[in-house]
Every structure is written in structure tokens, then in C-alpha cells.
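Same chain, two partners: chain A is paired with chain B first, then with chain C.
Moving on, here comes the complex of A and B:
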């Protein structure tokens, strides 16, 4: 099935459709998608690195699956995420760009509201995006349903570019999604950021 | 999730909000002697709650969560009502069931956990309002007891449907008039503790939460008996101060007034013979443990 629907930065509208309902397919192993188009994984690596390097506030949102060291793989991924964050920080121009690392510690609706400076919550992720003026972000270690919820709300109400580093089959609702995430894959993305340093125009 | 898994990834520790760091550093997971006395010194398993200011349900939640003997391996099952708004703030695994279905969900859950983790103690604790337990969920409540399902059912009895504005419940007193029950209740408060005993519950208590040490004792007893023998039931008066026209500070007095020996929430306890034996054994072991600890302390200071 082909579709003309493109998963693009929003604001799309209050309740954007789920990309899968619009015919967007998930990539097969070794592939990724950009705006809903299936591409080889390496192409998506380059594109994600470019997004980080050209954003004013490139941000990584690690979720519970990597924030908690519940097995060895999770601990390794956490290390890779930290490395990716440090790499982005090093490779952007700190005078005009600010890399951020903000956790999504859990999914509960918090009362009276979250502190958008220190966390992001899937029930209103737009608050954190707006507050910190985040224009490119990557989710990693967030359970499928909560990631989809966040990605849709962000697409609906903000103009932020979303990347999903998914450990399963990928996310249609992200503008760019990897699948089968491992620590090595996250390290490879960091290598791409390093490689492209200086060759991507900074934000205006 | 067991205790060893409650560990933040080293590389991301510094970005975790302080309440999560505190849970790992200062909560009492894995401490078998945990109890209400930890409140104020250890990190509690409940964050800010979403109940009305001064609602006795908040006290009940704090005492119960402090008293669970095995929180890292406990799953709580909730139902719709004022309690369900608190569960998102609770650091114990929990499931929100469809209103009234809590004891059916808990039955399946307990059985599945026993199959999946045959060598580990997994406690299942239902916590629901009186509407969920006695009215809409009565079928599920009773059937779980008839089948001798091994989990604890706790009912927060505030004698009406608080969350939806004050409708009549089976546990409401006869003659009581509520905002959405203007005619007055026409029949007596359902005697669920007695029904629980007759339906096969091995440990049944009715009380209020005016005394934290009592809450700790009954919670532990109910969970230990449910683990080894069969269903247990606790009916706890948590007055809805909003619906009975009390101020935030008056909840405690309301409970004290209602638990006098002649009042409807006078302490009531039914214990089956096998449960009596088990609790006596546990009490003897606990006495031994305390004596041993005392001896060791004396040895250290001598």
C-alpha cells in the first residue's frame, strides 16, 4: 500500500491521526523510515545526525527502559545514550545551540503538573518541548504506547522534529525512526554526529 | 520487579528527578521489618496525593504502603473511585481495573504470578471503594472468596460513592441522606465483614485508620494469611469529609467517634482456625527475632 501522507513536523492539529492509520508502514530489519518513507538505516543515521547538528535545542528523552538498570543491556544503552548526548554537546556551537538530556521517568499523570525543566511526561510532552524551546528530539527506552502518545501530541501541537530510537519494530508516528535499537546502534549515531560536525549549517 | 532491579542506570543517575533517586536511596524496599514508624524518616512509596485536603483516605494510603511486607513484589489492583486517582502516585506496581472487576482481575493476576514466579513470594492486594466492592463488584468480590483465591481485599469504606458526588452505597447507614441520595437510605448497612467470614475469608477486620500501629498489624496479618491460606478482607472506615460536611482537620475525630465500642465501626476481627495457627507461629518467630536482636545489641554495647 502506498500513501501520500508524510509524517512531518507540526503543529499538525490538536488530534493528528496515527500515522499507521494513514498507511505509513514500519521498516524491516536493517531499514529505518524518514517521514514515513522506508530508507536504508545508514541514510536515517545521517539524517538524524543532521537534525541534531542543525537544531537550536537538540534533546534526548530517555525513558524508563533505559533509566533503570534492570538488566545489563539497559545499563549498556544508558552508557551509549550519555555518550551520544556528550557528543552532540561537543559538536554543536554552544553560543547558539544547547543540547539537553531530559528523562521520562514514568508515565503516570502527575498532579498538579510536571516540572518541564527536569522531566517530560507522555500525557503532556508538549509542555517540556515548549518550555525548553526544543526543536529536535529523540525518544529512547520508552514503551511503545507511551512513545506513540508522546509522538502524536508533539506532532499535533509543536514544530519539533521527532526521532525514535526504538528497540522493537519502529515508530510510524516519529518523523524518523530506527528499529532494533542497541547500544552499538546508538554509538553509531554518535559517530555520525562527530563525522558531520562542521559540515551542517547551524540554526539561524 | 524485585529489589535488585530498583536501580537507576549509573550514567543517567544525575538527570533523574530527586524523588526517584530518593526511592532508591531511602525507601524501605526489601526491609522485612518495615512499618508505619518509617513514615517521616524513610522515603514513602506515595508522592503527593490527589485527594481532598485532609481526606482520611490519604492517611490510610500512607499507613498501608508503609506496612506492605513485600512492596517490591506486590501488585495492587485498584478500581474507579477516589482511590484510583492516588494510584498514579504510588511506587508499587498497580493495575486499574474496570469498575467492580477488581477481584476478578486480582484472581487471574495472582494465579498467573504463581505460575510465572513459582519460587518467589508475590502478593496481590486489592484496594477499592465500597461502591466497587459491595455494589457494582459484589459478584466478583464474593466469587473470589468462594473460590478461595489467595489475595487480600481492602475496602475503603466511606459509606457512599464519593468520586461521583455522593450516591447511595450498600455500606451507607440506614436513613443517611447524601447529596445525590435525597430520600435517605431505606435499608441497613450491608454486613460485609460477616458475609466475608461466611464466604470463606480467613482473616477479616473492620476498623478505622485512627491508629497507625493497628493498620500495620492488620495489613501484615491479612497479607501473610492470604499468602499461605486463602482470601482475607479488611474494611476500613475512611470517612468522606466532603460528603459528611466536615473540615479537613476533622477526619481523625470522626474516625475516633465512630470506632467506639457501641458505634458502627467498633473494631471487629474474625480469624479462621488455620489462620490463627499461622499468625501464632509468626508471632512466636517475631518474638524470637526481637529477642535475638536485643541479645546482639547487648553484646555490642557490653
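Moving on, here comes the complex of A and C:
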């Protein structure tokens, strides 16, 4: 199916469609997508790094699959995520940019009592985005269904640029998505951030 | 696939080798065997590494369910029991799937309808349960005979819905069905439908994969939702539906949840096309007259097309294999040159014709019929007669022959 639909930062609609229903397809192994267009993974690495470096509040949202050391891979991935966060923090201009690491510890609905400064929730992720003025974010270690809910709600009501580092098949509802995430892949993204440091214009 | 891959080459307790599913279905030698559709269900399940089978007796699926009981006695299924009713069965299937089991069940007609509340719940909870539906009449007065009306209800549940024509379809699709529905980006229940009796109780030659090969076990860690967590949706929905709170955020979450289920149906397209070599099959799609059908209406249409060919009338065929995902683009492409699109169905409502009408441009080309229902057969002559009528040729009414 060919589609002219592009997965872009919102706010898109009162109830935006799922990108899948608009004909956006997921990448195959070795590929990623940017705005719904399939690209080589390396191209997406560069684009994701540019988004982080040009954002005022680049933020990583780690989910339960990487927040607990339930197997060796999860522990390794968690270290890689911490390393990516530290790298972004080092590479942005701290006077005008603030890197954040906000967990999605579980999926229990917490509205209206959520503290959006300390956590994000898949049922109302827009609250955390709005409160912290987050303009670029990456989901990692979130179960796919919950990640898609979050990504679509964020696209619907905010202007945040969303990236998904998915351990399975990827996410069409993100503006940029990787698939088959590993600790090594996350480290590669950190390398791209380091490589592009100073070459990306800072936010206005 | 990492976890599943680690099982490949190992043996289960029945000495079957967990085999790469693609190799098993496409490269392993096949043995032609003469079986009824019900027996074929048993043979497919024997190779499917199912953890659990639950069913409640209702014609015409009872025989398949009983044969699966034999598989349990032989040690091929982890657990097996009869539920208290169809509703109970489908709820029990949900419990098992929430807990991370590969689940199989069978139902039919009024049983499907009685259990209906569970199907959108299965889909919403992203449970990759496989349910065989051996379609039969659902309305009063009672009929146990073939009728496909129940499929139209299943098509709105968020489940994958496939419609098998033959026992061979059935055999292959049961095994392929698990591979598609357990993909993490899909992870939805599958209603694998056939026309009761016509497929379940007739014998046919079916090419079986080796009995010492089976699918790798289900890996619940690839699920897009957490396995049985009472604090989190989807399980939490059952006891504490936060979406019942009256505010925009709760409604929007529920709406997004529904959209995600249908997004998963769309994602199944890619995997289904790979496994089943397309969502439709076509023959002579360049003909002026095309028959578009699913299930055993396809077989009857083949006969009708052959009879018309003998009279020098060329008619093409589109066999629809999957109803969800709906092969809209494929049907538009296949029917783009057709002047007449004829849709024979085994139900009174003509749901397939409605779907096709909503899909193709210039839908005055779509001719809804012939219809039979309530267990009537569909002689090829009524299809040929319908086509001849459309072409302005004189025909005799079959019923008038006495």
C-alpha cells in the first residue's frame, strides 16, 4: 500500500488516526523509519541524534522492560540508556538545553494524581510532555502496545518529536523508529550524538 | 524470535522436533493423507505445540474438539478440558492466554454468538488465541447446517478473521495462524472460519507436514502487553475500568486503545502476505465477469466457472482468504477491468457483497448473489444462471426442475 500520510509532530487532531491505519508500514530488520518512510538504520541514527541535539528538552523515557534487571540483556540495555542520557547531557548547551531522563515505571492509570515531573504514564503521556515542555523524546523498554498508545496521544496533542527504540518490530506512531533494539544499538546512537556535537544548530 | 529460536532442534516430550516454522511449512516433505476436516484440525493441532485446548460441545465443531481430547490423552497438548458453556470457554481461554499459554479452541454458530462478549476483550487484551469457527445457522428456528452469518459479527471484533475454503487451507492456516497472530506487532486472536459440515465432515486429500516436526513454543515475553499483571491494563480493565471515569483523557485513552487494536490488524497484513502468499488468489482476473467469494462458495464458483467455460463464457475468480485484514487494495486491483462482479454467499445478509461494494469504485458492478442460507447447498448451476442473467442470456430456474 502506498500512502501520502507522514508521521509528523503535532498537535495533529482531536483523535489522530493510527499511522498503521493510514498505510504506514514497519521496517524490516536492518531498517528504520523516519516520518513513515523506510530508511537504512544508520540514516535514522543520524536523524535521531540531530533531533536530540537541536531540542530544548531532549528526554529519554525508559520503561519497565529496562528499569528492572530481570535478565542480563535488560541490565546491559539500562546501562546503555544511562550512557546515552549522559552523552546527550554532555553534548548539549546546558544554558539553553536540558536533557531529562523520566521513567515510565508501570502502566497503571494515575490521572489526575500523576506527578509529571518524575514519571510518565502511557494513558496520559501528554501531561508529562506539556509540564516539562519536552520537545524531543525517545521511548525505550516500554511494552509495544503501551508505547503505541503513548506515541499516538503525544502526536495528537503535543508538538514533541518522538523516537522509539523498540526491541521488537518498531513503531509507526513514532516520528522515527528503530527495531530490534540492543545495548549495542543504543551505544551506537550515543556515538552519533557525540559525533554530531557542535555541528547541529541549537534551539532558538 | 530469539527465545523461540533457542528451542529449534530440541525435542518435546513426544519426540517431536521444534522446527523452524518456515522450513516446516514450506520445505519439509508432505505426505498426502485422506482425512475429514475435523481430523485435519486434530493433525494440525498435533504439530502446533499448544499448551491448552478448551471447548464446549456444539455441532459441527464437537468432533474436532473431541479429537483434540485424544491428542491430550496422547500427550500432545499440555492441558484440555470442557468449559461450562461457550461463554465460560472463551473466558477460560483468556485466562490461560493472559498467563502466557498458547491456546486453541473451537466453536460454532450459536456458541460463537453466546461467547461474543469475549472476542473484543481478547483483541483489546492482545491475546493471540486461535479459535476455529465451523460456521452454522445461528437464528431461530434451529439449524445446525452450514451458514456463514456469524462471520459478519466476528469481523467487527478486532480479531483476525480468515475464511478457509478447503481442509488443506485449514491445515496450513492453523499452523501459519499462530505464526502471524503471535508476532509482537500483531499479537491478536485469530478466528479461523470454515463452512461447517462442508469442510469439517467431508473427506479430502491433504498434504501433511511430518508428524515428528512441530512449531516452537509460544514466547510470552514478546507480548506487546505485560503478562497477567493485575495492577496494569489490560487485566486491570476487568476489575477497575479507569476508562469509566468521565473525562477527556480517559475517553481518549480508550479510543487510542481501540485504534491500536485495529492498527495491529493492519500490521498483520505484511506477515499474512508472506505466510499465505497473499490475502487473495486470482484466476483469469482479466475476464469481464469476476466471481469474488470466500470459503466453500469459492469451490462452488470454480465448478460454475468450468461449466460456463464449456459454453464459451469466460469468467474469472477472486478467492478471498482473509476478511480481517481486509484485502481492499488487492480486490480493487483484481477487479479493475471487470464489468460484473458476482458474489455468491452462504448467508442471507450478503455481508461479503457489502464489504466489496464499499471497496471498489463504480460499485454498481457488484452483484450480491446468489445467496443460500439455513443449510441449503449452492449448486454451481445457480451461479451460472445468475451470471447468464447478468449477461442477458436466458436461463432456466433450477428449482423448477423439481
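As a working rule, the second predicted complex is superposed on the first by the 202 of 204 C-alpha atoms of A that agree within 3 Å, B and C clash if a C-alpha of one lies under 4 Å from a C-alpha of the other, contacts with A are read in each partner's own complex, and residues count from 1 in each chain.
The working rule: contacts are C-beta pairs under 8 Å (C-beta built on N, C-alpha and C of every residue); 3 or more make two chains touch, one makes a residue touch a chain.
On a predicted model such as this, the values are computed, not experimentally measured, just so you know.
In the superposed model, A:18 lies in contact with chain C only, and not with chain B.
Contacts of A:103 after superposition on the shared chain: chain B is touched, whereas chain C is not. With both structures placed on the common chain, the touch criterion links A:53 to neither chain B nor chain C.
In the superposition on chain A, A:156 contacts chain C only, with no contact to chain B. By the document's definition of touching, both partners, chain B and chain C, reach A:111.
Of the two partner chains placed by superposition, A:183 touches none, neither chain B nor chain C. In the superposition on chain A, contact of A:146 is made with chain C only, not with chain B. Residues 108-109, 111 of chain A touch chain B in one complex and chain C in the other. Across the complex, chain A meets chain C through its residues 1, 15, 17-21, 25-26, 64, 106-109, 111, 123-124, 127, 143-146, 148-149, 152-153, 156, 168-170, 172-173. Those residues of chain A that touch chain B in the complex are listed here as 62, 66-70, 74-75, 78-79, 81-82, 101-103, 105, 108-111, 115, 118-119. Residues 1, 5-12, 15-17, 20, 47-48, 50, 88-89 of chain B touch chain A in their complex. Per the touch definition, chain C reaches chain A in the complex via residues 126, 183-185, 187, 222-226, 231-233, 236, 242, 245, 247, 249-250, 252-253, 255-257, 259-260, 262-264, 266-267, 269-270, 329.
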